[in-house]
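To keep things simple, chains are lettered A, B, C, D and E as they appear, and every chain counts its residues starting from 1.
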């Protein structure tokens, strides 16, 4: 009756990651969502705010970062919701493998499918918003580092609100304060780069934040989920 | 066995509105959501883009309109989703009362609980974004008229995407083109007002759009829902 | 024994009975000090050289700001104690502390805005201090909203404690980043180690007001915690006896 | 007296018929059980009746006149209870029932608390549905049957999650409805303790003919 | 041999006990049915066992040592199937099962298509779960039982939406599991055709003592 081959964390990790990627692949629409949102705001910006190239160039670095941040944030609400609704989350909690590791795969998949595409798309939209020459490389790099932190932080919020019948943007309220430093250093880096100032400090801080959250977030997420599932 | 008092549309209308308001009252968090989103972007804007008052004043009218639009859009995804998931939508479709009327109550409730609060909050956030003196009245008026159209248009998108397992922001893509005119005339009115130009034309067009959508949208929504429920 | 004391503190009943005696004292002292400080500051303190009488708002603005920040740690630490030792009372303190903190933060923001109009010529400016205060306000709102959103009190307590804990780590980061970002606001003027840059004639009443606000905070926190205790323990015998007594 | 007739009726999924064509007529006063193994097409069949599914072929006649796709003209005559009962978890039991009737244009039934008592939920009128057990939630949906004035009841596994006494009660109710001339069409995998149930067996298509009548 | 013991055990909702305290011990080789009307607290009890609910009082002992709240130490020993089966509709049946075992750190079981065949879903391995009927969806969840190596099975109304033959199959499986020394704890409102089922009746608290053993 009892197990002969020992269960392994590595297997659980891969199974979990595989499923996340499969699920996203099935919901291709969802995959595109953050991108569509990104695109949408970039279209609305000149329409609503200003079509002057000089003006656009000035607001572009900040605008791109703000939109990337909002896009991440808005894609987070569903992170654990469907697993919660259909009972899959219970099964994960009941798995003998540490929950913190299992959720890390979910966050990783989220970043892979939201943060990375956003990062890749940002330079293109930068052109549409007249982003000055010097900014592209750092825009890319800062987003790559920053979106990691955004996914990790956001997942904490998602875990804490999954038990609410409709978490919605309450999630936003919760994680917004945590996004502030990421935004400041991220957009700060791009602005500095455009004006020719050094950006090492900002990039170092973004990396440090990413590392710190990678260590802390999984435990907060797992804790939040365990509480939510028991409610 | 058969009914003695005749069923009445008025009753159906009130019962439906009553339920919508009750549901929102129960999810107070949801009620606050568009507002939180609004606040959030207003905080992120100076952080990410520029904290200079002169710069802020120039982008404020457009920014406020873009945010109001995004907030409406994002609150729309759930409009029919929970009714679809738990079978309540089937019951509405099966009601002998015209579905177009029933959905109109849902849209009306949505506007009452999203558009109106956004409109009321906008002037306050205008202060934070250094909106120039002359803009406040027209900001209020244009949002009041415009958010009505936004809710109606958005509901069409929501009805068409509710059958997808996760509608998400595909919805955004569908309704984005329809939001463009509203945004242009809305933010145009505020900009004109600030610069002291007349705004009658813009307001007239916003009103006309609101009326036109009020007549057309309910049928499109009802049609979309009937198709979705049969899938 | 230390542990015995700790466990008794965890008992809402013991806590309720014990603190009944403290309440009038705390209330009396805090009100007296607030009155004293206000009269000293507003009536006898000098008008500020450049800003004139508008600067007197400092006697509310600064204590509110100081307590708003200190209050967060009170809240987060009591939440942490609740999570770790599964102590219900600690959760109640946390729940009681959140709205007080939010109100104090709002007060600091509001008085700041009122002060900003005469001095900076604008109600609102995006500078580091102010921004970090807005962020703190949002952190508080998040906790209050979570508490409201969860119908099950137990879940609400635990969930909002986790958030408060994560927030505690984040607060210093926010302050650092926002300070670094842009500054227009007054730097800290009251310094313990060096000589204060504020004139003693304004400094002393200000210090008095800060002390008064601390005690006032403790008083309100106790009051709210006791209400929370009564609400949650309403079905127990000892609460019903208290209610019966009137 | 309601009457429904089916001629060469079958439902399709992805262009393939689910079950062999059906030919039969139903009248008021009958309890009709649509039977068949999991996946036979029972739910699909019931939804077709309600106009909630329209990939069917053959004819469906209501009081002698054929119904067309998409046609909701039976609406005012029928009450449908599907796998998803349409009960909002964040409303109370009473609010749910009142909405249900309100939305059909009926006056708010005063009988709500009676109906809830009938399904064993006395005193639950103001309880939120998310605080209910699986069975209690289904009972809220079933309470509709005690107020409804519809002639045709279409019930997809109404006994799911209901305990023994609840099932008995429900059976009594169904019997009362048909003895008043109503028509009940249901599916269930549990044995029914109702006398004179008409059994319509769905036979997987392509496994030999059947034409139940 | 798994052994579970309960002493003065009861679950609470809003500070009130749901049922009278239970005192009993379970051992491998038993099928235990937790019985009681709708809302008695069966689901709550089962969730407490799994560590998914923690407002309980009394003692719960696993192999003689008391379990504390919150404690998931039984995890690796048990398989829980609740009202919500944890099947993702946008994955295929096979993908769902493979995830389920993968996430527990088990090697991908090759037996997936066998298990699906056992629950009557031959050839459905690559069918998306949203294309399944209510019963087929539950069967996907039940297929886990054919692969699982857990000693304790905790099944909350496993027969929901399953047709007659499906129920028979499942009963056979349960009997096989206990004859191998496993423990099955289940709830159901349908009569069981398994011999020697141990019945634990939950009695609403405050209606006279019971202490079943």
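Miscellaneous remarks
Basically, a residue touches a chain if its C-beta (ideal position, glycine included) is under 8 Å from a C-beta of that chain, and two chains touch if they have at least 3 such contacts.
Remember, it's a predicted structure, so these values are computed and weren't measured experimentally.
Using mean Cα coordinates as chain centres, the one most removed from subunit C is D. Across the two candidate interfaces, A-E and A-C, the one carrying more C-beta contacts is A-E. Each chain gets a centre from the mean of its Cα atoms; for subunit C and subunit E, those two points are 48 Å apart.
Averaging Cα coordinates per chain places subunit C and subunit D 58 Å apart. Centre-to-centre separation of subunit A and subunit C, using mean CA positions: 33 Å. Centre-to-centre, using mean CA coordinates, subunit B is 37 Å away from subunit C.
In subunit A, 27, 82, 164-165, 170, 173, 176, 180, 184, 230 are the positions where the chain touches two or more neighbouring chains simultaneously.
Multi-chain contact residues of subunit E (touching two or more other chains) are listed as 83, 89-90. Listed for subunit C are residues 131, 135, 138, 145, 149, 154, 181, each touching two or more other chains.
Looking at the complex, you find that subunit A touches subunit C at residues 156, 160-161, 163-164, 170, 173-174, 176-178, 180-181, 184-185, 188, 205, 209, 216, 220, 223-224, 227-228, 230-231.
Across the complex, subunit D is touched by residues 13, 36-39, 42-43, 83, 120, 131-136, 139, 157, 160-167, 189-190 of subunit E. Listing the residues of subunit A that touch subunit E in their complex gives 1-3, 5-9, 11-12, 14-16, 18-19, 22-23, 26-27, 82, 85-97, 102, 226, 229-230.
By the touch criterion stated above, subunit B contacts subunit A in their complex at residues 27, 29-30, 32-34, 36-37, 40-41, 43-45, 47-50, 55, 58-59, 62-63, 65-66, 69-70, 74-75, 78, 82, 164-170, 172-173, 176, 179-180, 183-184, 187. Interface of subunit B with subunit C (complex): residues 28-29, 32, 39, 43, 46-47, 51, 53, 56, 127-128, 130.
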